[in-house]
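Both complexes shown next keep chain A, but they swap its partner, so chain B is in the first and chain C is in the second.
Moving on to the complex of A and B:
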């Protein structure tokens, strides 16, 4: 008991006795939002999360997070059209983050350091048959194996990879990379049987005592169009050209070749032909704005000296020339014939106007619902109209990219996994979108995107060497550190620092922060100053 | 290797960051920061002064290994932190009168020196005197100037919220022109505070030739910490004026304290600089220039300048004031400050802005 002065009745003490939290009408809470890149990714990758670890230099952790969704990052880092980058919030600030190049760096890092997938902890004893070893089939097999099921993949081509091997040219995807990533899936215990076509799916399922089947046979038949041929002008299909270059390393074709179509396959064919010394001309019936091919790929093709005939259709072919009809776009953007013709000296035509699904084995499945060219699947479970038979990839969608196939393969595996447990797979509800408006851009510093070095155009046109080079470690970290971490904490300590009441508790590395509601007055400075929009003020329940 | 790579996510603009090595983080980012002003104080929601005081005193505590005593002028900071019998301060702390803080600080510094000498102690506690702009620029100005001219070993920190907030938002000599306060109401031809009044205490302090003078805001923590640390490396009289927005007095949303301070800094409204022995040695450059309107429109004390009946000439004059600051102090790009800048009030009085 201290000797108190005049008129003093209370012991001195700390202000911690005074719980100012009772003043609060708004309460700060941490919210987790869906970054635009994650939302966009057709393979459903958790991009923001793996960039988070890549930025720390913890590449293995980053790669593990990445491969939770996508087993082939080294391939995807090369061939994915990275629509995620188009949605990146960093684009509002300077340039979007080079997500694709960091993905490739992580994929290559894993191959270089021989990182392997973990084998399943427990075997379920269930057997699943996957028909087709393209991206969808491989992704499905990987995820099913991850769940502990026994997976057997049957592929009709001599080697696994599907369109990644027989459609995508070597200069975009070197085959040793593809082989290594397929091998890693096999090392988990997935068996792949190549060079055999499954003649009857129901019979195969019964004979092999499979509990479920996933059809990922792709779309491997080039679409045909009737070109009135006067004489012997050669007409070839895009897939035949690409497949032959893949297996034989070259193709006997004329010098002047017209490539008919405006999609990614047309560009791949033209660029491949350029590399074997031909002079391809792309003939497309609409203009560049309407062209479905990826913009970067098209830029690269033009840079390599590939000519394009816009607003043109092939009306007929003779021995050494094509009859081209000029088109004009109507008010709806559809091409209409103009009746004007011109001659294009050409020795061969490659048709790259789309691919169809091979229907002969599907036709044997009684009661299988098809719509036009695709198997109809439940968008959530990926199950077809037949119980226990699922489908994914090009065979079940019109959105035919590798990335989309990998995402569908994953979903099909989840659908099968739930089915094998006697459940129905339900997609998890998504977090709310992380919008640029919710962020505090002042905190971010400007820095341009590290553009992947491209081979000299001259060298590129004559070889099948890989065109895009990867990032060095320094560049990769630089890129990863440009991520704004939209809507998810990046541990910048801002909330902890700016609280006038010291009511934010820092929990330590990787653990984030906590609000001390005993003292938090609900002023909202933390939410206002959070760079990435991870804090929200919600009304206090009184 | 990781340390060498530029950190382009948020650079060093945030308080800390997991990717920076701990030595490069701010003091406020550390789990064991001193928290000299702890939770439970009675400051309003979003108080800039509470924030500024913790930033500054924590930095001084780190710089001196905790050998700090504080004299606090009467005012908001004293009232909200220490209503008897509770105190939010976690260091030796003396409450002085409204006007004599600098004098009490001088006395404490002398006493600390003598006492250490008597005890044969080489470790002399350092003294910080602190108060609001009213207690500093008006009421305590005589003792402050005395402390400067005697070069007493005290760091004086003025938490500038541009009016007498504790007693109900009356105008001080730090209140900017056109601002509404309880004593400068929106009446007459020139609503709000008059033009051509007030003074620049940092420039007056520099004119005393004291070792160190600086200005800072709560919107640039690293700058503030560096300045307090630098100040503690000098002996003699030192002065730091920190802009601490007051949500109540400025009519701000309680969450905008830091944002509005940033706008004051980035518009040139509040020049941030440091000076040693009367000469400006560095200026905090504007990173993303903003028009003064961004600063004004967040505050109800300027509502008469942004509404429908607003007089655009007044905003233009305030903008001219900011532009003059930018030019005088060299706040943009590679500009150099132009010798010892003239107080902005001189421009107001000569009707040049």
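Moving on to the complex of A and C:
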């Protein structure tokens, strides 16, 4: 027995009589903010959340969270231009988190461990037709199936995948990965019928007794430009070149090839041609700063020895050369002709200046609203001007990336799901932005970004082997742990540790904390010491 | 065993002999060498079962000390000057909670302006903190007092500051007799806390006490101080018997028999004064020295006896109270209440100004000539230095020699 001092030493918990919470003028509350990566993700991925589970080493859980939004993480971890990383708050500290590389790791992990999507618990009996098995169509089919609907996808190409198969070169996306991720969607019970073009959508809908249709036919026609030419210089379209390389493994073209354009497709074409032994030159009318192509892809192209003629347009072509006109940017950054010309020895030209929507079957839909090259859709429900007919992907947007298509496909599925219940889909309001200024980054240790290994440049001119390698588990977990968890709790225990009143209550793993307002004096230390800005002090109503 | 070593090393060895379980420290001159040495002992294994904690401030040092003492562990730390002030909040907590921490204060002036040299303004600033304050007149006294301090603190249930003059003692190399481990193990058994924080029998220490019991808590705290007077004497007697040392005690008299004048001094100045008193004795001047060891608790009764029927007492003070007067003198006056003893303050030795034998000699002659006419005198003030400023700035000049408080006050009236 202890010999207790009078009044100084008391039974445990005696101070609980003092409800110091009554002194409070500010109260801490947990706020959930929208991390900039999540906000930026065109597929609407909950990146911060799946990074959290990846950082815990719970890769399956991370993958399950990820695939709630995007069913193709292994593809995404390869072809997504990861604009999320450009918005990552960690960029203010050292370098952004390598979100894309962790996504690929999770995608590959799931394939390696043969993780499957759960089949729907209940069948709704509703039938939905999806036209086009590109990223938008596949995403829509996946989500619709998830809701319990019966989904049939019709694809005019011989195989599913859309631009992921016929546009993106193999060195960026190995086809076994693509095939496996498509197969996993099929395993949920989605049927994909390839090699058939739907001639009449209304008729197909009626005949198949579909309750709704989603048009995800993409933008598969290469845009043309009129090049005054003699009949001898070959002019090909980018999609023809990429498609032929995909199906035949090669293309008979020429040695010296000019690739006309500055977008991602131009870069894909040039890098593909390099691999079959050609000497491609990208001809682009503006400069590098103004180039729409992804910076990393362009860096890789230059590393592979691809030449670029900046500020150049093709004014004409003869048998073995192009007439190039030099351009100059005006004060608004637009290229203007200079009247100066030069010759570029070339045997062929590939046009990569954009793609158009195939309009023939759309034209048959009476009352379908189009705007320029796109179907007009309601931005929330993705429904077209025709009741029960929805659209997503390149056919309905000018923002034509795989990731954006997947996001649109998801939204269209949600729109259809609500429609099938006789409701109108409304997007959930977003949480306020998690800004770097609201965070307390002192607690984060410096940790440079993990760089993914790449195939040596010398070997890239002869093979279509995948250029970028994946992360090891060790690297992936390190990278995931670099996440600052902006605006969302990562259970670091800082609030719990610093609270002078022991008024922060731990709720257990994954459940976060709550405040015991009987004792919280509102000192705000927790809010100051929360690294991720998850705690906000709000005035009490007095 | 006698060894010629630095005072700080001697104190570190003394602390190590006491087998503390936790030593925490933040460096500040002139205390640093002590904890550096203790740190070395821990690192080399000479001091076993001791956690040596480097902390990031004195506030943390006292906080760690409070935590470890409340956890039932023998605890030591050291500081000085501004470091002591930075600890102030925790210092009061430690005494209020009755935690027997031992802390060296290597006394040094408080800035600003910054001054690293010795006086007593730092330790005396904590006069009312509820800690015992034991002053050391030599390094041997410091070595012994540290050892006794642990026993006193643990017996009384209050923390102890061992105050030793910075640099003058801490950095001086002299012959020290360090007791053996066997002796100290016999003297100071392992610490058995009367209460401590443990999960086996949870208690809550230092929670709120309201007006209904706070006065009583303070009364009991003061009662410990009263008990401490007795404990200091007992422990000193025990220690002296064991080691043959002459250290410790509440106060120590030197040449006090039939002295015409007694000087009351704390700290290392006692040594200088003793030598000078021996010289004065040869001139036929009989002056006694009362070396005040325990400033808190203040030994009123022992002081009254030590002064006896001597009619004139000068308190040599190395700190004072701004807007007031001396700090030691009022305590001595309280001790001598009702007698006709004449008690005065001579302030000197501030911020490291050396107190020589000649200073003591002059002070004694000044006193015996009846020139201490006021309660408070600036004894070693240099009027040349003062006048170099006040003459031009305010047209005020001060005469040479010691200045009474009234001269300072008058200079303001006429300025």
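Here, the second predicted complex is superposed on the first by the 528 of 542 C-alpha atoms of A that agree within 3 Å, B and C clash if a C-alpha of one lies under 4 Å from a C-alpha of the other, contacts with A are read in each partner's own complex, and residues count from 1 in each chain.
By definition in this document, a contact is a pair of C-beta atoms (placed from the backbone, for glycine too) under 8 Å apart; a residue touches a chain by one contact, two chains touch by 3 or more.
Everything numeric here is computed off the predicted structure, so don't read it as measured data.
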{"item": "First, second, both or neither for A:508, with chain B first and chain C second", "value": "first"}
{"item": "Partner chain in contact with A:341 - chain B first, chain C second, else both or neither", "value": "neither"}
{"item": "Which of chain B and chain C A:3 touches, first, second, both or neither", "value": "second"}
{"item": "Which superposed partner A:32 touches (first chain B, second chain C, both, neither)", "value": "neither"}
{"item": "Which superposed partner A:481 touches (first chain B, second chain C, both, neither)", "value": "first"}
{"item": "Greater residue coverage of chain A in the superposed arrangement, chain B or chain C", "value": "B"}
{"item": "First, second, both or neither for A:92, with chain B first and chain C second", "value": "neither"}
{"item": "Partner chain in contact with A:12 - chain B first, chain C second, else both or neither", "value": "both"}
{"item": "Footprint overlap on chain A, where chain B in one structure and chain C in the other make contact", "value": "8, 10-15, 18"}
{"item": "In the complex with chain A, residue positions of chain C that touch it", "value": "96-98, 157, 194-196, 201-209, 213-214, 216-217, 220"}
{"item": "Chain B partner contacts - residues on chain A that touch it in the complex", "value": "8, 10-20, 23, 55-57, 442-445, 447, 473-474, 477-478, 481-485, 490-494, 496-503, 506, 508-510, 516, 518-519, 521-525, 527-529, 531, 537"}
{"item": "In the complex, chain A residues that touch chain C", "value": "1-15, 18"}
{"item": "Complex contacts: residues of chain B adjacent to chain A", "value": "1-2, 5-11, 13-19, 25-26, 28-29, 31, 35, 37-43, 45-48, 50-51, 54, 81, 84-88, 90, 221, 247, 253-259, 262, 287-288"}
